[in-house]
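Data first, discussion second: the structure below is written as structure tokens.
As written, the chain order gives the labels A, B and C, with residue 1 at the start of each chain.
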Amino acid sequence: MAALTPISRKPLSLVIPCIAGAGGLLGLFVGTANGSGLLGIVIGAALVSLMGLFFIFVLKNETTAKWISILFVAGLGFLFGGVPGVILGAIFGWLFHWFIYWTYEGRYRARLLPYLTPGQVLWHYTFLFICGAIFVFLITPILVVMPLSFNAQDFFTFTPEMLRLDPEGYSLKHYRDFFTNNEWQRSFKNSLIIAPIATIISVSLGTLAAIGLSQSHVPGRRAIMAILISPMIVPLIISATGMFFFYSQIGNWLEGTLGFNKTFVGYVKVVLAHAVLGIPFVIITVTATLVGFDRSLTRAAANMGANPVTTFFRVQMPLILPGVISGGLFAFITSFDEVVVVLFVGSASQKTLPWQMFTGLREQISPTILAVATILVVISIGLLTVVEMLRRRSERLRGMSPS
Amino acid sequence: MSDTTQSGPVLAADGTPLKRSLHRALRIQKLRALMLIAPLLAFVLLTFIVPIGQMLFRSVENDIVANTLPKTVIALQDWDAASGQAPDEAVFAALAADLYVASNEKTHTRVGSRLNYETPGISSLFRKAGRKAKKWDVENDGPFKEQFIKIDDGWADPDVWRTIQTYSPKYTNGYFLNAADMQKGADGAEIRPESERIYITLFKRTLIMSLIITGACIVLAYPVAWILANLPSAKANLLMILVLLPFWTSLLVRTSAWKVMLQQQGVINDTLVWLGLVADDARLVMINNQLGTIIAMTHILLPFMILPMYSVMQTINPSYLRAAKSMGATNWTAFWRVYFPLSVPGIGAGSILVFILAIGYYITPELVGGTKGVFISNRIAFHISTSLNWGLAAALGTILLAVVLILYWAYDKIVGIDNVKLG
Amino acid sequence: MKAKLTAFAVTTALVAPAAIAEEMTIVSWGGAYSKSQQLAYHEPYTAKTGITIINDDSSAEAVAKIRAMNEAGNVTWDVVDVVASDAMRLCDEGLAEELDHDAVLAAAPDGTPASEDFGDLIVSDCFVPQIVYSTTFGYRTDMVGDTPPTSVCDIFDLEKYPGKRSLQKRPIDNMEWALYCDGVAKEDIYDVLGTPEGVERGLAKLDTIKDSVVWWTAGAETPQLLADGEVVMGSTFNGRLFSAIAEQNQPIGMLWDMQSFDLDGWIIPAGLSEERKQRALDYLYFATDTQRLADQAKYISYGPARKSSAPLVGKHASLGIDMAPHMPTDPANAGNVHIYDYEWWADNRDDLDAKFQAWLAK
């Protein structure tokens, strides 16, 4: 990024107020929980400042300081909060040590441009803090779900045993339920069959149409666009009932006239319904990517003798691929997380995961749905990490430095 | 060029006039574009527009009364609803004849439940009368007026007859009137009594809350999209996982998670009480109200805002900002006058996505909205799946769709739909 | 012996495909309730006839879906489990098959015809009652002090029992409870509720606790809210409460007063082919006989709809406790019961619902 900024130690007049403030903040919480907030602030500020002075003037060894800080605050945590207190305390201990050295050594400037004013530095870190808070907002619900999925009870409740970190309060029974219960397994499989096929349909048809739409002279472009994104606009419950009639007729025709198997026809109905719902996302993403697409490239390709199909796959496709992929992602999620339409269009043998979750929530609150969510989160973290690693590897192989 | 005065048209390489050749090329180009669009257009028209059109058509369709009670409808034409009297024997005889046929085909109760939406009590009038009418000899068992009134004195109520008369035509605007908190009274459309008005309130609430949610999403998404677009891609990709994870988690699970967090004995309140910031007997109410709906839906829709903003911001060259600053702009001016205008298409795309998705949501408001945080879609769902009043549901849906289309049109005029970037 | 076995295997191999090819779709609510039906009805029936039963957990959308199927002319369901009021609605709309109960259902073991054995629980010509359930109140035993609530009117007593209560988000039951606790005699409730003043009176009574109510729509919500301590008391189906108390050991008590008696049972959708209809009837004949209905009570605490089944109710299948005292039909529990008037609600449901929703939104 920027040139390395030389760092220098900061005066105590800056360091002490900062670390005292951090200590005071924790002290405030512990203090109010135990009766007096004011006393908490004073004690917290004093303890952390003393710790800072001790590290700076006496100890002078950062690794030892780290362990002292962790153990010391964890010990305090134990006094106030038992076992969970130890864990929280250890985390805060590590934070304090890090914060003391970060301010004292002036490390906070290391990655910033050298000419920034203190105000800009402060704003930079405030901004980072705000972003961090938003990321916490995004991710907390998922973090809450994970421990609850190990609940020994059949409720979405943090039991006292769980809060004490008592092993009695935890169990794997909801995971067992997911892996042994036929209903869950079947619905999981159904989702894995339906979502990818629906995505492929909406991505392939959607990309073609988006390319058509991006040509310069399309009669009635606005009207066509409005029609194509209408599945996103109509309230789902109306779509669901409306589609039900149509797909029943399609189903009758496929079964009666063409003699297809009933289960197969059931899948066809759900896949078609989900494909339609995914189309607006593909259309919008791909047309957006095509707006910035340099058309002289296709002309150049044609000039050099490529036929339209070759041009599409060798020139256009690689360039608009990011848009296609994110459109496909939206379409996949639309199908994978869709419950209203499948409730109407599907029948028992096409029960998808969201449907099973929906009945699970309504008929018996069962943390199995949390276990499923946790498993899905772990799988997707895994997938995303693998993709990222592959991307970095290919960049390395191509001799590019990671940008 | 001006001095080459040639007579005759300019010719293309192959000797055809250039104008025609260009025309042909344009036509081919148009044709090719249409051929690319055609399969999808046909697919969407067939599998979506037609079924939805059929569904929305129910909002005006009303042929059940005329089809099931043909004789009564004709006989009732001459009856004057303002007279305050039940119609005479001729109408009752016609009804008896109609009911005889209908009850043997088991369609009489269907009319009853249709008319019951308008005037409570009609459902059981038809049910009871149908039971008797099945065994009547229409020619000889008359006169019927007393017999009907003996079955249930509701048949003597002119209101019942007025309802049948009002809903005789094959098409009605009654559902739309209902959807606008009105009803067909004795003298045309009138406002419903205050104790029954609900839909206008719900429409307003749906619009206002969707706007708030969209606003909240813009505020929260902007810094995140900015930081994703400005970090080195390795770090940005890691953070992207945090944005995508909630996206991968089922909507139902996330809604339940918010319940666990927001309720009075929930995670947030417990933490605040434990920290001593809130007294145990004054726990915050954050769920089963509008706040709960706003928080949960903002969380659910946030990725739909972040992703389009991110893709737009990625294309903004960071050197613009540096250039502005080097020319003496303050941080704020550089951002507000240079960066922000460039990022507007992203905000627009995200906003329209989030707003349209929010306006049609119903599962999340149902679970966390309590009484004040539910949307119009909740009523639509209720009329579809519980009360079976599909005409009213279709009317509400049509109005909602019209509102969205107007907004879409306005958006297209102001921002231009081509500027929408989503990925 | 061996030859015999082989012969047996061969005949089954030849016969089996024809038998296995037959399947029927039975629709129910899902969760523990479907499981009890699976164990008590479906499995024995499959064992007896070889017909495969497919479970579809769509009862909550049943009315709408049956109507849509009927209009589309493609009814894929064979037997559907619905609550009595839904059965009535379906019957009114001509979407369910009308049945002659004595002709199609088994008589009691002592020969009493089915219509007498079910008695006035047959609330609609299309409806075959299966269970009796109650919408009643559960309360947190550790949050009510030494005086647990004994009357339904304690719901409206915010001083004695401060805290939130959960009620179902619909006028049915709540309006009756409100009027009853406002001093209307039990037998006059529907007369009063039929007048505009009565509706206002009921809503005014509900107004007194409106700020303390959490409204639920799914039956699983109240047990969850009680387990969290989010509400002091709340209404739900008695089977849910039983499961939370007996199977999950939650500190929850049950209030048996003015509980709303309701029914759940089977209907056959209209428009089936004659062959499928006969098969559905055959299933109903099997699944609603005296012993089967009593069997279901082993798995869930809902009372069998036949009078003749009551003495046969045994112990809980896994906990081994006597189920009879947990049934809504048990005399000790049924001291003061509210009988839900189906006919009245069929007429007034839409109107009252509009008023109720307008009141909620205020």
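In this section, a residue touches a chain if its C-beta (ideal position, glycine included) is under 8 Å from a C-beta of that chain, and two chains touch if they have at least 3 such contacts.
Fair warning: this is a prediction, and the values are worked out from it, not measured in the lab.
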Maximum inter-chain contact count - chain pair: A-B
Per-chain Cα centre nearest the global Cα centre, belonging to chain: B
Approximate Å spacing (C-alpha centroids) for the pair chain A, chain B: 28
CA centroid of chain A to CA centroid of chain C, Å: 40
For chain B paired with chain C, centre-to-centre distance based on mean C-alpha positions, whole Å: 32
Multi-chain contact sites of chain B, meaning residues that touch two or more partners: 384-385, 390
For chain A, residues contacting two or more additional chains: 156-157, 241, 244-245, 361
Residues of chain C touching at least two other chains: 60-61, 64, 228
Contact set on chain A toward chain B in their complex: 1, 29, 31-34, 37, 120, 123, 127-128, 130-131, 134-135, 137-142, 144-145, 148, 156-158, 205-206, 208-209, 211-213, 215-219, 222, 224-228, 230-239, 241-247, 272-273, 275-276, 279, 281, 283-289, 291-292, 322-323, 325-327, 330, 333, 337, 339-340, 353-354, 357-358, 361, 369-370, 372-373, 376-377, 380-381, 384-385, 388, 391-392, 402-403
List of chain C residues in touch with chain B within their complex: 60-61, 63-64, 67, 89, 91-94, 98, 164, 169, 199-200, 214-215, 217, 228-230, 343, 346-355, 357-361
Complex contacts: residues of chain C adjacent to chain A: 25, 29-34, 54-58, 60-61, 64-65, 68-69, 71-74, 76, 218-221, 223-224, 227-228, 243, 248, 250
Of chain B, residues touching chain A in the complex: 26, 29-30, 32-37, 39-41, 43-45, 47-56, 220, 223-224, 227, 232-234, 237-239, 241-254, 256-261, 267, 270, 274-277, 299, 302, 307-308, 311, 315, 331, 349, 353, 356-357, 359-360, 362-363, 377, 380-381, 384-385, 390, 393-394, 397, 400-401, 404-405, 408, 412, 417-423
Complex interface listing, chain A residues touching chain C: 153-157, 241, 244-245, 248-249, 251-252, 343-344, 347-349, 351, 355, 359-366
